[in-house]
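Below is one structure, written out as structure tokens, with a few remarks after it.
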């Protein structure tokens, strides 16, 4: 049972992390190749605070605030650079985060932070907390998607120059997406730190940023349910591949490639096509 | 003398960056794809360099084989991975490319082992004193000479031949080039061959400098080269060369003077972000 | 001061080139003004000065009593300016109806948080439907732009601009790329747009249609205002005929 709880918590955290990027990349169309930095900011903030005695649930608030604040700064940068320039800028932010953390003794430097306290309510409690956070964030995402804000995001993702000509305050919407998305990642980071109870600079590298972007794209950019399923599947893959441990990453890379190559519109696209076929047959 | 030493180190590193990044920026110009798997061809070049040298004893032959095979592999990547995805969002190709890169790193590990390979007798190790108190290994000099020769050859090819003119036209404006009757498929094949061959050559040279090839040797080039082509203005070859050298030098000075605050990668990306905030289109924008 | 828009002695220089050289232009409320000039006259630059894409090196742009010279494009649009672009740019993920409905609701999109709390699109869609009817696109309202011909998308541009409820509508070459019959129909549509609360500036190469529907003309040549006034008077001037029609060159 304990093992299943750990796996389920991992999956919940991955879903939250992917949903948070989906607000930025899926809804607003701003590609980020450095989202792991915000997971890291949340993780470090929350871990330092609980080590100093703060309860985990409370520590998630500053984790979200700090990640969101840095996200706002990156969002401001996103107003200067576009498209692929933005993707590489965000990638740079992630390297900058890791590079700074590595050199700060107060943050554990290369070694990282060990001995992060176990949540007072135990592993099942952490799972419940993670699931509550996921459900809350998914509800927020769906609410945004269906509202006029989602309508505006759709136009910005489509063609931001035209959105501007329609009187939409594009910079404010972009900043909003960055703040919501990075704050969500901050919460995911806080949960993650207490799930693994040991974090270091390498926990938040380029591969983690790419993995979460892959979850959003495999899920079908923008689709909340697609992203939930993709994040669940991709985060469980390593567990399924335990049997073939040596080939784990090989399979992961090949699968990523194959999904994009043969089902480029992601799971949401596959589901839509299947549904259409079923309806057509009926 | 420290400054001169750092400058030379930076330029050697910059020359390697340039060899890797030129192919990447050309791919971007043609297809608007961030071709992360380019770094896999760099690794392939490195492995072939060591394997062929160890088997035949000829470093020159190894370099030629590495470039040729990497070039052909580059064409294969284009045909298998990118051509079917051209009408899609470039993000799709980016993730496909990253998947391919991860899988290829693993393939190198599984086939050749996690600890990598070394030259049995590493070539070009003699030291030459180029200025009082500063000596360089022949290998470092060879890196710079090779980069200058290959990139000059590329420059000559693109400026002075019919194929080159078609190529440049296609990189700077694909739809217009196509409208002028340029066979864009041929240009793309040529582009992937040449760009990948250059990356392969860079892999050979890095293997020579470190006397080591390992499965993860492509990791740093995979993201650093992206930073360089963005810094150079995405699709701008001259900008990419300037950016590669600039980044090499900035890193080499930065690690000495700011190394206590940031690691090497963070220095490179701090420089990148700073430049982009001042010049959002990179050092030299596309014309 | 009754002019809706006045461009006063505007000069634009790019590097060493003077694209616009002290041009003046006034648009009265409720008018349809034809804006013509030969290629290279600086028409596009002038329009970009009005929309705020290009900042003039000298001169002022006044709109509805405010000096908007330094305003952003979005601020100008919120102040009552709208543009239908020459190169059509529909939002491809949205139906025509939603393309227009989004513009109808643009005032709700100032704050993302407030926008998040609003879900209902019915009223905006109704209004969008009326606008699509007005430009003759009602029967394709539910379609996405991809498959539709250029003539439809040009009309969509107009409907979307009208949805902003502007006081001044700039139409940038709305007839370009249309065949003769489509161009005529579009010009007829444009002729009916101006009203008590809407003035229209029509920037157009199709001189025949401009002369047919526009009661007043503004002619620009070599970055300068060459002539401005009732169409028949302007076209009677020898310098206009020389500049525009190439007569006597």
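Every chain is named by a letter (A, B and C) in the order it is written, and numbering of its residues begins at 1.
To be clear about the criterion, a residue touches a chain if its C-beta (ideal position, glycine included) is under 8 Å from a C-beta of that chain, and two chains touch if they have at least 3 such contacts.
The model shown is predicted, which means the values in this text are computed figures rather than measured ones.
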item: Core chain by centroid distance, with centroids computed from Cα atoms only; value: A
item: A-B against A-C, pair bridged by the larger set of C-beta contacts; value: A-B
item: Centre distance in Å when subunit B and subunit C are each reduced to the mean of their C-alpha atoms; value: 48
item: Distance from the mean Cα position of subunit B to that of subunit A, given in whole angstrom; value: 30
item: Separation of subunit A from subunit C, taking each centre as the mean of its C-alpha atoms, in whole Å; value: 42
item: Parts of subunit A lying in touch with subunit B, wherever the complex brings them together; value: 31, 77, 80-82, 84-85, 87-89, 91-93, 95-96, 98-100, 102-103, 206-207, 210, 213-214, 217-218, 221, 246-247, 249-250, 252-261, 264
item: For the subunit B and subunit A complex, residues of the former touching the latter; value: 28, 32, 34, 80-81, 84-85, 88-96, 98-107, 110, 223, 226-227, 230, 234, 260-270, 272-273, 276-277, 280-282
item: Footprint of subunit C on subunit A - complex, ascending; value: 143-144, 146-149, 151-152, 154-155, 157-159, 161-170, 172-173, 176
item: Residue numbers on subunit C that touch subunit A, as the complex places them; value: 73-74, 77-78, 83, 85, 89-94, 98, 102-103, 105-113, 115-119, 121, 160, 164
